[in-house]
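Labels run A, B, C and D following the written order; every chain starts at residue 1.
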Amino acid sequence: MSHLELDATRAWLSREELDSARERLPILYVDAVPVRVDERGSVVAVGLLLRASDDGDIQRELVSGRVLYHERVRDALLRHLEKDLGPMALPRVPTSPVPFTVAEYFPTPGVTPFHDPRQHAVSLAFVVPVAGDCAPQHDALDLAWLTPDEALAPGVLAEMERGHGVLLRQALGHLGHPV
Amino acid sequence: MSHLELDATRAWLSREELDSARERLPILYVDAVPVRVDERGSVVAVGLLLRASDDGDIQRELVSGRVLYHERVRDALLRHLEKDLGPMALPRVPTSPVPFTVAEYFPTPGVTPFHDPRQHAVSLAFVVPVAGDCAPQHDALDLAWLTPDEALAPGVLAEMERGHGVLLRQALGHLGHPV
Amino acid sequence: MSHLELDATRAWLSREELDSARERLPILYVDAVPVRVDERGSVVAVGLLLRASDDGDIQRELVSGRVLYHERVRDALLRHLEKDLGPMALPRVPTSPVPFTVAEYFPTPGVTPFHDPRQHAVSLAFVVPVAGDCAPQHDALDLAWLTPDEALAPGVLAEMERGHGVLLRQALGHLGHPV
Amino acid sequence: MSHLELDATRAWLSREELDSARERLPILYVDAVPVRVDERGSVVAVGLLLRASDDGDIQRELVSGRVLYHERVRDALLRHLEKDLGPMALPRVPTSPVPFTVAEYFPTPGVTPFHDPRQHAVSLAFVVPVAGDCAPQHDALDLAWLTPDEALAPGVLAEMERGHGVLLRQALGHLGHPV
């Protein structure tokens, strides 16, 4: 859930209008957990974006972003994956519209495991295998590939905000991993 | 997707503001397919609301409505079920946030099987067993319980607008019925 | 995955024949995570069976058992729930045949998170709300209801064998809980 | 559900033993709906195998086969896809073990929409995108790629036995198609 400045220019909604809507309506998002898979479909690595937070700490996050007016959910997913992982990532957008979970980000902490101080966002979350070369874009410093076991280490989760660590664990559980 | 006039009074959003948002953002909805089940969890009947359309025709529809700001998806589901089926319906809201499908209603017909001339709505769709007495509320004329086979008859589907007939079939397929 | 002696008498398969099949074929199972829910469908408690292991330790387990020849999956689920929780448990068997996960129990430890020294069992796992009074049956000492947070405590998981602790966590993740 | 003669040689189970087990136990299967997808993950074609039936009619079927002792479900899926579509098909086996449905094939017609005169088979059904070149193997005459709309035509469904036509429609409904 980032890059909203970039989105806004495409969204037929001024910065002020989006801010206003965010105080009144749940905003539809998509979250993606990028994974590398072997030929049997087993996940061998999970991709986490590294960003510098406002106070200089390193944060890890999943791919995330808003669905625009008149945009299909699968197009939003593809757009945010390409935006964050670069044009050569070759993401395999899921064939089914059914997410592995629906994450409800509340502006008030503690209502759900997910939190977004800016807004009430409801996000359709998908696991997305990527087959190509990933190059972090924009304000991402790097994209780190971790094995599922590495990704589940407490230290990694502690570096993920807004509940992205919970979402990652839920994704790995959905894939059959011990969580 | 009805009763929006009623919703608006609860949504901290004026009629005009909601109309404006609808031209700018996808609006989050929930759809519910009310069902009667036997003790084995098999669906024995599907509940369809009967309404008079603006031009006097009878329309059949599923339970549907908007998710409000700061409202949990499960609370929106419960609220719309109680609003349409009455306070004694005893709906069994699903334990998991995962919908059986995500229906994308576009203002432009033909983009998806789902259409809503008023807005771009993205709806999380659930099958909801109801155990109590249902009494149609507000502008619904009646609630008709049909067997799955009856519900799949072409004549019934022809009476469902906005793609609700497709959603009903997708629900029955998800439940293991031949569609 | 217990009580197989009891099952065998109903299964048109002698003890020896079942043992033989177990060395040759994957055996189909169902696993159930019994839960208490509030009116919004939120899980407030998880039910775990307490049994004495062969060496006298207390083990916690989920409801689990074999699917018989010519038995529907939903009937096997209902049968094992009634067998373990008693005839007044009023389990709400899921309407859909889709499990929240498929647990592959291998006789060789480490192939998957699930292990069964007796056999290769493949289990369809479901979350099942129970609305009535539960009375543990047969060799179960008790049925303990724990909050989701209590159920996720490491001490509880350590008392669950064969990967049932992993299955429980996967179930809670599927329900939207932080795991 | 074909090619069992071939399977048997790999299954550590003689023809007679398999026949015996089939009269006593549900047999675990996997079914796969091969699809072609575009870069957005939308299904553009469904692959159906053409076979000559025993009485000379042309039958269309999905990829289907048994899970062997000590075989992972994902390995069974890959094995049957390669067996039926050839070694260059490059199937993208799903990352999650959760099937889109569980098809219960009964030896008695009419218990479920699925029927197998040889046995009680319970099948985990998956949609599998294939990216490479498909060459029908063994007794398949051809592999026909149909658009989703073509695949839903009544004439096509009439050529599918054992309930495969129902399974195909359930798959397309799961993918968001009108069924």
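By definition in this document, a residue touches a chain if its C-beta (ideal position, glycine included) is under 8 Å from a C-beta of that chain, and two chains touch if they have at least 3 such contacts.
These numbers come from a predicted model, not from an experiment.
J.: For B-C, which listed pair, A-D, C-D or A-C, repeats its interface with over half of the contact pairs the same?
T.: A-D
J.: More C-beta pairs touching across which pair, A-B or B-D?
T.: A-B
J.: Taking the mean of the C-alpha atoms as each chain's centre, how many Å separate subunit A from subunit B?
T.: Each chain's C-alpha centroid was found; their separation is 28 Å.
J.: Quick one: subunit B and subunit D, Cα centre-to-centre, how many Å?
T.: Each chain's C-alpha centroid was found; their separation is 33 Å.
J.: Two or more other chains touching the same residue: where does that happen in subunit D?
T.: Within subunit D, the residues that touch at least two other chains are 72, 97-98, 100-102, 112, 174, 176.
J.: Name, in rising order, each residue of subunit A that touches subunit B in their complex.
T.: Residue positions touching the partner: 11-13, 17, 21, 23-28, 67-73, 97-102, 104, 106-108, 111-112, 120, 122, 124.
J.: Using the touch definition up top, name the residues of subunit D that touch subunit B in the complex.
T.: So the residues of subunit D in touch with subunit B come to 101-102, 112-113, 163, 166, 169-170, 173-174, 176-179.
J.: If you look only at subunit C, which of its residues touch subunit B in the complex?
T.: Going by the criterion above, the answer is residues 35, 37, 39-43, 72, 74-75, 78, 92-98, 100, 127, 129, 174-176.
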